[in-house]
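Before I ask anything, let me first share the structure, which is written out below as structure tokens.
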Amino acid sequence: MGLREERLVESVLFSASKPVGIGEIKEASGLSKKKVTEALESLIQTYNVERKKETSIEVIKAGDKYTMQVKKKFFDQSVMVAKPEIQSHHLKTLALIAFHQPVKQSNLRRMIGPKVYDHVDELSAMKLINAKKHGTTEMLTTTKLFPEYFGIDTTKPEEIREFLAKKVIGSIEK
Amino acid sequence: MFHKALIDEDNDMSRINQYLDMVKRTSEREHLTLTNPFDRSIHLAFDLVLNQHLNPWDIDLVSFSSMYLKKAKEERIDLMTAGRIIYMAWKVLRMQSDDLVVNMEAKEEEEELDFGWEDIPTGAWLRSDDGYSYTNLVMKSPRPPLEEPIRRDSKRKIALIELLGAFDQARKDVEEFQLVDKLRREERQRLAEKARKKMNGVAHEDYLEEDIDLLWEKICHFPKKSMSLSSICEKTDSKEYIKAFLSVLFLAYDKKIRIYQHKFPYGEIYIKTIGYI
Amino acid sequence: MGLREERLVESVLFSASKPVGIGEIKEASGLSKKKVTEALESLIQTYNVERKKETSIEVIKAGDKYTMQVKKKFFDQSVMVAKPEIQSHHLKTLALIAFHQPVKQSNLRRMIGPKVYDHVDELSAMKLINAKKHGTTEMLTTTKLFPEYFGIDTTKPEEIREFLAKKVIGSIEK
């Protein structure tokens, strides 16, 4: 793996501000798909293994894409300069949809009450969930953006469910 | 815990009144059989779910169990009553779990293909138990299980050439908008005339166009993309309300807004702008 | 210089996405002014000297502030994936205002519809246009920042208009 290729891909990840796919990196860097994949693997190794203790930044796979982000350990101070966009009660509703998907809006209403309508509107507007007509109600699922946005390394509902279950258990153990 | 439902709904007075009514009715019926006020309050809460259609998720079974156990340790309890209350709690739990089983309908349909007798009790119930615990934990925990990652939000400057390109595109957009707007006005005119003929010149037809424009301005300037009809016009003035309602129908016909109700037919009318702004 | 302090400051620079002053870093990281200054010096040393060949990112001092950015050498590929500062539909409205200035908001509304209100608010907030009361409507012109931003060598509205008109004709003739 050439150093130059790794630097090119690193600069693309750094400037993108959001997860980018291999296709986009290929186009921006002018490298072949193979070189991009190799550079990504090498970057993950450099940031997350070799420089583990020497950097507060990590390179991760999010959905089908790749991104550079602040390590969880350093969230608290970064939050002050990079304000979060989603309110915490919307995040809870999203966590319920992601776990139970596909879930009917009417069933979700039974869990969280009438605020479900506002939350579904907001989350749909952010393109994090899809709401499809299903009889008199709507059937809710997460979109492709969901794992990308939250840096979850899978697009499969079953694995997303597992990821969330672990997170919930983790938060109790703390 | 029994007031949880009421606290959650603090913006919905009508529902609170409804609950209070239910409690009143229920307590009148039961007060003869349950004398201990503690037992009675628990019984009331469960009765709201089982017989009065309160959302089963509004009952916090975990808090209930620990509270009831504490009470049982502290004083002698009437075993008959306790048994009845536990039975009710079990039924509420069943209702909560049933909700989750319904949620997974779609998934289960797929898996029913290789369904065997030996599978009956375990599959669905194990999963719904997981789902039950997860839902409960997410709702009770002060922090959501999802956290927004922190990434850069850097933006690049725009070059002059892009501004020129944007002007080119904007000119095309203006032409398109004006054409669509002309067609829309003609169509609105046609509909207004049609309505005028039907109404025999009784209503405010002369000002209809103006009313629609005024209301559209209000909708555009509203800080949110969705709003209730009463938030943009005076509900107490029935003439104004009907005028606004008519304009809303025209705007919906023009596909500038979407209108909907949560409660049919007498519930509030909601307006949502669609991709126009 | 403690490693932890350096990591804290690094995470703030990374997530701020724009140059930040020592005061802001101090507030976000909870470190003393002395520690922040030391951490910044150390970061500059790490990024720009020690890892010089191993990274496409640099930490620099710009005026009184500090920022993390892609090295000039890697600028071309990273610019392709970076988000533009002005959204494309706002840019179109800005172009119309620049070409037709001074222009009444009511006339612009007739050209592009009611979205004009949102766009004018946004562009005013970015200080790229001025909106002055003019009877029942507003009169729109570009601000002093506009020619600075796009590298146009005049601040007079008429000359800006002429300059842009020539450019457009030029690009059509090409």
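Quick notes
First chain written, first letter: the chains are A, B and C, and each begins at residue 1.
Note that in this section a residue touches a chain if its C-beta (ideal position, glycine included) is under 8 Å from a C-beta of that chain, and two chains touch if they have at least 3 such contacts.
Remember, it's a predicted structure, so these values are computed and weren't measured experimentally.
Chain centres computed from CA atoms place C at the largest separation from chain B. Distance from each chain's C-alpha mean to the overall C-alpha mean is smallest for A. In terms of C-beta pairs in contact, the better-connected of the chain pairs B-C and A-B is A-B. Our note on geometry: chain A versus chain B, Cα centroid distance of 26 Å, whole angstroms. With centres taken as mean Cα positions, chain C sits 39 Å from chain B.
Multi-chain contact residues, meaning those touching two or more other chains, occur in chain A at positions 14-15, 17-18, 70, 78, 82. Across the assembly, chain B contributes 150-156 as residues in contact with two or more other chains.
Residues 14-15, 17-18, 67-70, 72, 75, 78-79, 82, 84-86, 88-89, 91-92, 94-96, 98-100, 102-104, 107, 110-114, 117, 121, 125, 139, 149-151, 164-165, 167-168, 171-172 of chain A are the ones that touch chain B when the two sit in their complex.
Residues of chain C that touch chain A in their complex: 3, 7-8, 10-12, 14-17, 20, 24, 27-30, 46, 53-57, 70-71, 74-75, 77-83. Contact residues on chain B toward chain A in their complex (touch as defined above): 8-9, 12, 55-58, 99-100, 102-104, 106-107, 130-131, 134-135, 137-139, 141, 143-156, 225-226, 262, 272. The touching residues of chain B, when paired with chain C in their complex, are 150-160, 162-164, 166-170, 173-174, 177-178, 181, 216-217, 220-221, 276-277.
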